[in-house]
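Input: structures, listed below.
You will see two complexes here that share chain A, one where it goes with chain B and one where it goes with chain C.
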Partner chain A sequence: MDGGKVTLGRTAGLYIGAAVLRLAIFTLLPGLPDLLTGRVEISTPVTSFKRLQEGLFLYNHNVSPYDGGVYHQAPLFLPLFSLLPSFATYPIFTYLLYIAVDLLNARALWRIANSGEAGSSALFTSPRREKRWSGFVIAAVFLFNPFTVATCIGRSTSVFTTCAILHAIAKAVSGAPLGAMVALSFASYLSMYPLLLLPPLLLLCYDRQRPERAVKSSLAFASIHVSIVAGVLALLFQMSYLITGSWEFLPSTYGVQLTLSDLTPNVGLWWYFFIEMFDSFRSFFLAVFWLHLSCYVGGLSVRIRRQPLVVLTLLLGIIAIFKPYPSISDTSLFLAMVPLYRHVFPLMRYSFVIAAVIMYATFLGPAFYHLWIYAGSGNANFFYAITLVWGLGQSLLVCDLMFAVLRDEWEVERPEMVGKEIRQI
Partner chain B sequence: MTPRKQPPPESPSDIRRRTHVILSFWLIILFLGLPIWWWTTTIYRARLPLQEMLEWADGKACRPVFPLRISIQANSLQEQEAQNLLRLTQHALDDLNDFSGHHLRLQLSPPSSDAKQTHDSGSALTIRLIPGETTTATLDPLEPVLDITYPPNAIPLPTSSSSTLATYVAAQLRSTFAEEQATISYLLSTNAIPSEHRPQGLSPEAAESLSKRTTRSLKYAPTYHLTFSLFTSGPLPSSWDIEAAIDEYMKPVLDVLSPIHNFTIDTQVQLYATPGVQNQVLNKEDLSSFINAAEWPLSPSIGGAPTINFIVFVGNQTIAAASQSPEDASGSESSAAHSWLIPQWGTVYLLSLPLDVTHLSVASLKQPLLTFTSHLLSLTGTPQSGSLPLRLSTLARIRSADLLLRASSTLGSLARLALALPSISIPRSVADGVAKTMAHLRLACETLGGAEGLAHARIAEAEAERAFFEKSMVGQLYFPDEHKIAVYLPLLGPVAVPLVLGLINELKAWSKRRREMAKRGEEKKRE
Partner chain C sequence: MRQLFSLIFLSLLSLSVSSVHPSSSSSDYHEQLVLRPLPLSALLASFNFRSNTTFSEFEARNFRLFPRSLAQILQHAGTRELHLRFSLGRWDAESWGARPWDGAREGGTGVELWAWLEADTDEEADHKWLILTNALSGLFCASLNFIDATRTTRPVMSFQPEGDHPNSTVTNMHLLYGVLPHEVVCTENLTPFLKLLPCKGKAGIATLLDGHKLFDASWQSMAIDIRPICPSGGECVLQIEQTIDMVLDIERSKRPRDNPIPRPPPGHELPCDTSKPYHSHDTCFPADYKANQDWSLSQVFGKTIKGTCPLMDPTNPPVCLQIPDSRTVYISDGVVEKKNPDRNSRCFDIPPTADFEMVVTPPSDDDAAQTSPGAVGVLQPETPLLYAERSFTGHGQERGGVQTILRNPSPDREVEFVYMETLPWFMRIYLHTMEARIAGHNAAHNASLIQQVSYRPALDRARGTQLEVRMRVPAASTVFLTYDFEKSILRYTEYPPDANRGFDVAAAVITILNSNADKDAAGGRSAVYTLRTTSLLCSLPTPDFSMPYNVIIFTSTAIALAFGGMFNIIVRRFVAADEGPEVGLGALTGRLKGRLNGLLERLRRRTGNK
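After this line comes the complex of A and B, so read on.
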């Protein structure tokens, strides 16, 4: 399939189909959105739509939205959602906003796919690049992925972060480093962790500069664009300050992510660990967990320097496993990027195991949560065990994808080894 | 079979790249991980004046001395005669006294014409010398005044070295303060006060009776919660004038006790209450199980303060006469058959009423409340001999000594804890608490015996308790170093293995490359 041959009608059909599916779920199953909003797999303390409603209510009544200790999201969401007609009376506008964000994400993915960056970057061209999926298929895989649909129906605010990250990558591959940096700043402003994507994104932007206005010195390029990110972030913080009237939002949004003060269970690995942690070691292990999350950035960027998009994809996977408040929305973003590497799928060794483990955790996770919280016949260990399996499935996928990409690179150096068993030493 | 093919040598760019990857991990560990580890796990230990704290606990820092000033008022005596009598009495007192910590110091108060203004507040007791027929001594029931009458011939001559009146006054004083002295010596003897300061000659019987009294009274607390409960066996009476009755009969004593304790009060009424014992006549053994702890809503403590329960039980039960121990009948005669004191808990008063009484008036509550008041005094540890004002002022002195010793021993425990556990963290608030405690202890020690001393001792005790029971310290009370291995190893061990092995391999490869380079260089030279 070739992206260029996809007719306008098919594109419109895909988008309309995805929109109609979401709209149908919203309108025909009116109980489902609220049910999904309450699920810990979808709504974390830092992305929950319910908490956003609470913050919005306080904000509209001229009370600081962070006063209740419930709302931990960025302040700029508040004016955005206040502009919409009230959710209580016209929920359709909120639904349409979330559907639009999903379609924008799909469009960005489409552009990333069609750029061909996954198969041939500036420094490396895969011999297998011909065997790839078109933007249409990748967008369709994203739009009809049950995780994406569930996130959209659950109205988790992480879709906005996803949108910003995907647009940052799309801008970067199309040679618009400025747009990429601004989009990444927005993503970082909303969720903080996308700041970890800055180094590989800088590399990607550097590799895909338009030749007519390229900055040759890598150091100059990096410093210019880091200062752009810093400037945009400062501007966003200033706007937030003007909106809320105090710097209180910093500890309430980023402070909560850094210190994990809200220990609501989620699909990640942090909450259980910090429930059990001795108080005197809590701050040390918080630092260890954050360092662990961030220490992959340097290593991966150096090792897979020739394919920065791979680094971004792998980092998105690692973040979806190890960040403090992960949800299936982060996994859906990672799973949206993985099909770009259709050409290395034959090199992956554990595709079946990965698929089985992820399906297993997907079905058993809600069941174990139910046993623990509602039936009372299980305990927290049940749910934590299944989140460990979930993390295992994702880390297998990350490792296997990395293996496949490295093997792809290696086969270019050693053409005589193509198709042979190899052993890692 | 062909021998296994060796992989081709790595390209230099690959080697450099691997070095960079390993470096990128180790840079994060060295420049972020280690400082953070140091910063988050160092234990903050505020400096405590350990030596001084231990001195307080050993009683070396303060020697509790109660200088009691006793004024003698002798309006009918000449200045010269009075001075002489005072000197002789002081001599006699000093001869009798064997306990240096508790010292009676006589002074002559200026003759006053106003009979009402007899007692000045600075002194513990005023002796009023009144000429009379015989030598008698009576304690004024309302004021700390001891009236002594003497026959005219008892005035000592200026030249005489002894006088029967002086000896008599000294003996009277001594017997008046005997209980206080015994209590304080008992307190000192049960604490870690070195023996040279300790009074001698506390008889075993006296010690036993004192320890019995201490076990009966409640442990000291700055606040007591008083609960007045009306339990009735039937539907009536259903209301009582308890507030008015408390104001009338108990408030004066509570006011006098207010420098020592705060009191909070609540009341309750419960109808159809079944006591724990159904017998018509209650024997001594029944008294302890009379309280129906399972059904009566007598909460052990409200708001952290210990509760003293006062229960009026309306029913037709009586106490068997034989079960009355003389101590329990300390109230007035009529209450003897109706009430008993439960050590460290409170009092029960049995009230039998005609069946049709629906409301308990202030008057009918008079007797119960007077009993409660006298029991409250013994529950708070008030001494039992002497007039009420004397007993209360004695209580204040005993309490200040008690609080002083308690705060000192708490300081000592804290110092020993800090010495025994070198890895326990000591927050700044604890150091502040210790400093405050010591400042107030010093002030209390200087002003011991007065109202000021009591106030300082109370603050010192509260601060010492707060410092000792600091929340963040209690959690670490038992945290040996071996536990740290269990904390660090499970997570950091697996992470460290690949990192350390990678670093070692890299260093080995690097040194090998250097050796080969050197070899090649030598070969080149030789050529």
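After this line comes the complex of A and C, so read on.
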């Protein structure tokens, strides 16, 4: 901790730089926020800022926003954004809110990185842990990732979910399980899918408990914290009920994610599959897709029990590929967590292929969408093909990271194997 | 046998009853055709048929002039008031002026139906509405049964009952409104329409109605209105009014049916604009408005009127012509021409059995000098209270906007009206983007344009958007009403076979409110004029219809690759490349070589033994 002043100056510089970049885009390119809000890669039916505004308008005019097909977001957004000065007259306050949320996310990432959990957890210490990036670099990679910036400029409400997830992890690694559970409940309330992160997060909390307040029995620990999550969720639902005056919001927010009734294109694999699905098999495949999404939780939690943060990272990646309404915001969260594993990067086998595939999909996706929707010279298959490539590229990254982490674990048992050819049987 | 006798007796009785009061039956049916030449060689023909039945007879199922088929449907579905419209084409308000009947007897393109049903609950009203639409669908050979929940709305401000309803029933009357903009109105709808008339189209003015001419018109609207009327001091009657309005293009109608290809007229028949300075014997500026001013009934409709309907009220002349008195009209023998004192219309009394033919001559040169060009020899069209045009803005199949241009031509009178849109659910409108602005003014003027909004948002696959806006347009100004919407992508089975044609969006209904009258008891204000915009065609993004199997296979493959890759890494053990059992091509060839060697060895041993 030598040169504390310099670090403080660099920290402030990073945050100010990121904030100024976003503010400059908001003010100097006034058309860009609305353009990005309309992009299907950034705004999904459950996170779109334009839909939020419509919900807010209806809410302020005493029409239930859930009695319609446009607004599918959590009810607590409505009073939050009603408190802000009107977006139409003072957009700057909304911009500042989104910038602040991004900086909070970076702050949480910084704390996760500085805890060193990625390199040495309670049950496992990597021999390569010395080779890592500081919190500064990881926060910078997150803040200046084009996907993060685009999400912020597009004002997708998924940044609030991202914020809750990152704070849940940050609380967990700093030995505050209660805060982690509350944050995870908020994330689940906003987007539902973070509930899948509960098992690995519980393991992480259990491993990182403060010794003075530790609960030894794992069963007791799990039951206490699961009931905390249930309690906070019940409280949030009750508050939503009081705000909207009915339980209509449940089918309209979570029901839409479960049944995929809104088929707006996005970067995921669900929309085109369920457009083309035969009606009689729709419910079956909805169940299969959700089952598929949740089947990774158990497998990864058991296999990589010694490094729960790895499980969380890999699950975030898997969710970003296979959830019903993914956007680049989910990818940006995954990509924010990946640099924590700088020490296993040398063990990854397909870094070049992954980078190339993700870049390819990033540039070709908007072009093919344009060909389909605006130019009319392509059809839906063009964009669909790119979403397939995007999904395959990300799943390759997830697989490769998983391989690298497991090999790192294995090399502790077989130190003579470092740098040798290996295979799996 | 006894039943049969009583039946015969009853029918005899009813015959005698009807013969006792012949006067009442004749005065209960009224029919009239009003012909009005419009500028630019168009002709508006308004057919109106009206008959009454008293409630006591209606309840006793004693139908004389009232069509029995329709009456039974009304009784079964608890309908108190019904309005049904079949329309086609566009009324060109810029050249033709105000609409006939102040717009009260027309609908938007396609089929429109609204009715007041008597029901205790909304669910009961929905059930009766289902019965009504399905029964009318069968009666009129129209796809009215496709008016399901997604196409049904319950307007709040736009429609008021036309009839006199007792206060006891008003409280549980439900207004339901359904519209089918895609429905193509055609001759199969006209035939059942004519069947409802007492003379079934065999006599009287209805003989002119012919599918070939009616559906060839530039604009046509068939309407059926059923409402209770309670004259003060008299018995309440149920009135059915059938109306057909059509605007015929005279030039098009006069083309011979066996040779319908349009050809330019020979030079000597070409009407020329003599006021042009370069006009001479060999140059001609064609004056379109002068052409086709002369026509006859048989030229325009293809036939003449076959007498009159004997059930008709003889005091009303069956045919009227709205044309200046200066124009000469030749009529058949025996027909009496009565010129009205306003000097702009005349009516004709037709003998019951004679054919009626009418020939309108071209206007004299004096006429041409008196009136403005474009409306030579015809009445000057009345200026409507409001002009409205609606169109889509934006491009692409992702999102768009709707823009309605509302122009008030009056120099000193403000117009207040209700603008109603019924939109399909797959057009997701953003109400927060709705704004009204006056052309050429700054924002300060726009604040008070929208006075009241009634909005029921669409629910995916369950109901459409219902938007009613009460707004005003100041005198001599143009107001732009705009809002944004997003086009949603549907499941591939939800697209029609011609998916890339687009989806029809129903006409917006504009009801101009009476500015003088205070609110009546029901809380609504009476309409003075109604107009409808044209319908729109909205193109949605389409998936590839040919490859559901391919998509299912590709997506499943991608998921299987990810799943397989990850679980492969999770469940298998790591070993060094040279440890563990050997796999791969080398191992296979090694094993094969071993087998082969063993086989050869055994063979050799056997031969050695021999």
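Simple rule for what comes next: the second predicted complex is superposed on the first by the 419 of 425 C-alpha atoms of A that agree within 3 Å, B and C clash if a C-alpha of one lies under 4 Å from a C-alpha of the other, contacts with A are read in each partner's own complex, and residues count from 1 in each chain.
What we mean here is this: contacts are C-beta pairs under 8 Å (C-beta built on N, C-alpha and C of every residue); 3 or more make two chains touch, one makes a residue touch a chain.
The model shown is predicted, which means the values in this text are computed figures rather than measured ones.
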item: Fit-or-clash call for chain B and chain C when the two complexes are aligned on chain A; value: clash
item: First (chain B), second (chain C), both or neither touched by A:Ala183; value: neither
item: Contacts of A:Asp279 with chain B and chain C, given as first, second, both or neither; value: both
item: If touched residues of chain A are counted for chain B and for chain C, the larger one; value: C
item: First, second, both or neither for A:Gln53, with chain B first and chain C second; value: second
item: Which superposed partner A:Ser395 touches (first chain B, second chain C, both, neither); value: second
item: Partner chain in contact with A:Arg303 - chain B first, chain C second, else both or neither; value: both
item: Touching partner for A:Arg407 - first (chain B), second (chain C), both, neither; value: second
item: Which superposed partner A:His292 touches (first chain B, second chain C, both, neither); value: both
item: Touching partner for A:Gly68 - first (chain B), second (chain C), both, neither; value: second
item: Clash with chain B, by chain C stretch, listed 164-172, 182-190 or 542-550; value: 182-190
item: Residues on chain A lying within both footprints (that of chain B and that of chain C); value: 278-279, 292, 299, 303, 414
item: Chain A contact footprint on chain C (complex, rising order); value: 395-399, 425, 428, 430-432, 453, 455-461, 488-493, 541-544, 547-548, 551-552, 554-555, 558-559, 561-563, 565-577, 580-581, 583
item: For the chain A and chain B complex, residues of the former touching the latter; value: 278-281, 283-285, 287-288, 291-292, 294-295, 298-299, 302-303, 305, 414
item: Chain C contact footprint on chain A (complex, rising order); value: 38, 40, 50, 53-54, 56-58, 61, 63, 67-70, 261-265, 269, 271-279, 292, 296, 299-300, 303, 318, 321-322, 372-374, 376, 379-381, 384, 388, 391-392, 395-396, 398-399, 402-403, 406-407, 410, 414, 417, 420-425
item: For the chain B and chain A complex, residues of the former touching the latter; value: 8, 17, 20-21, 24-25, 27-29, 32-33, 36-37, 40-41, 425, 472, 475-476, 479, 487, 491-492, 495
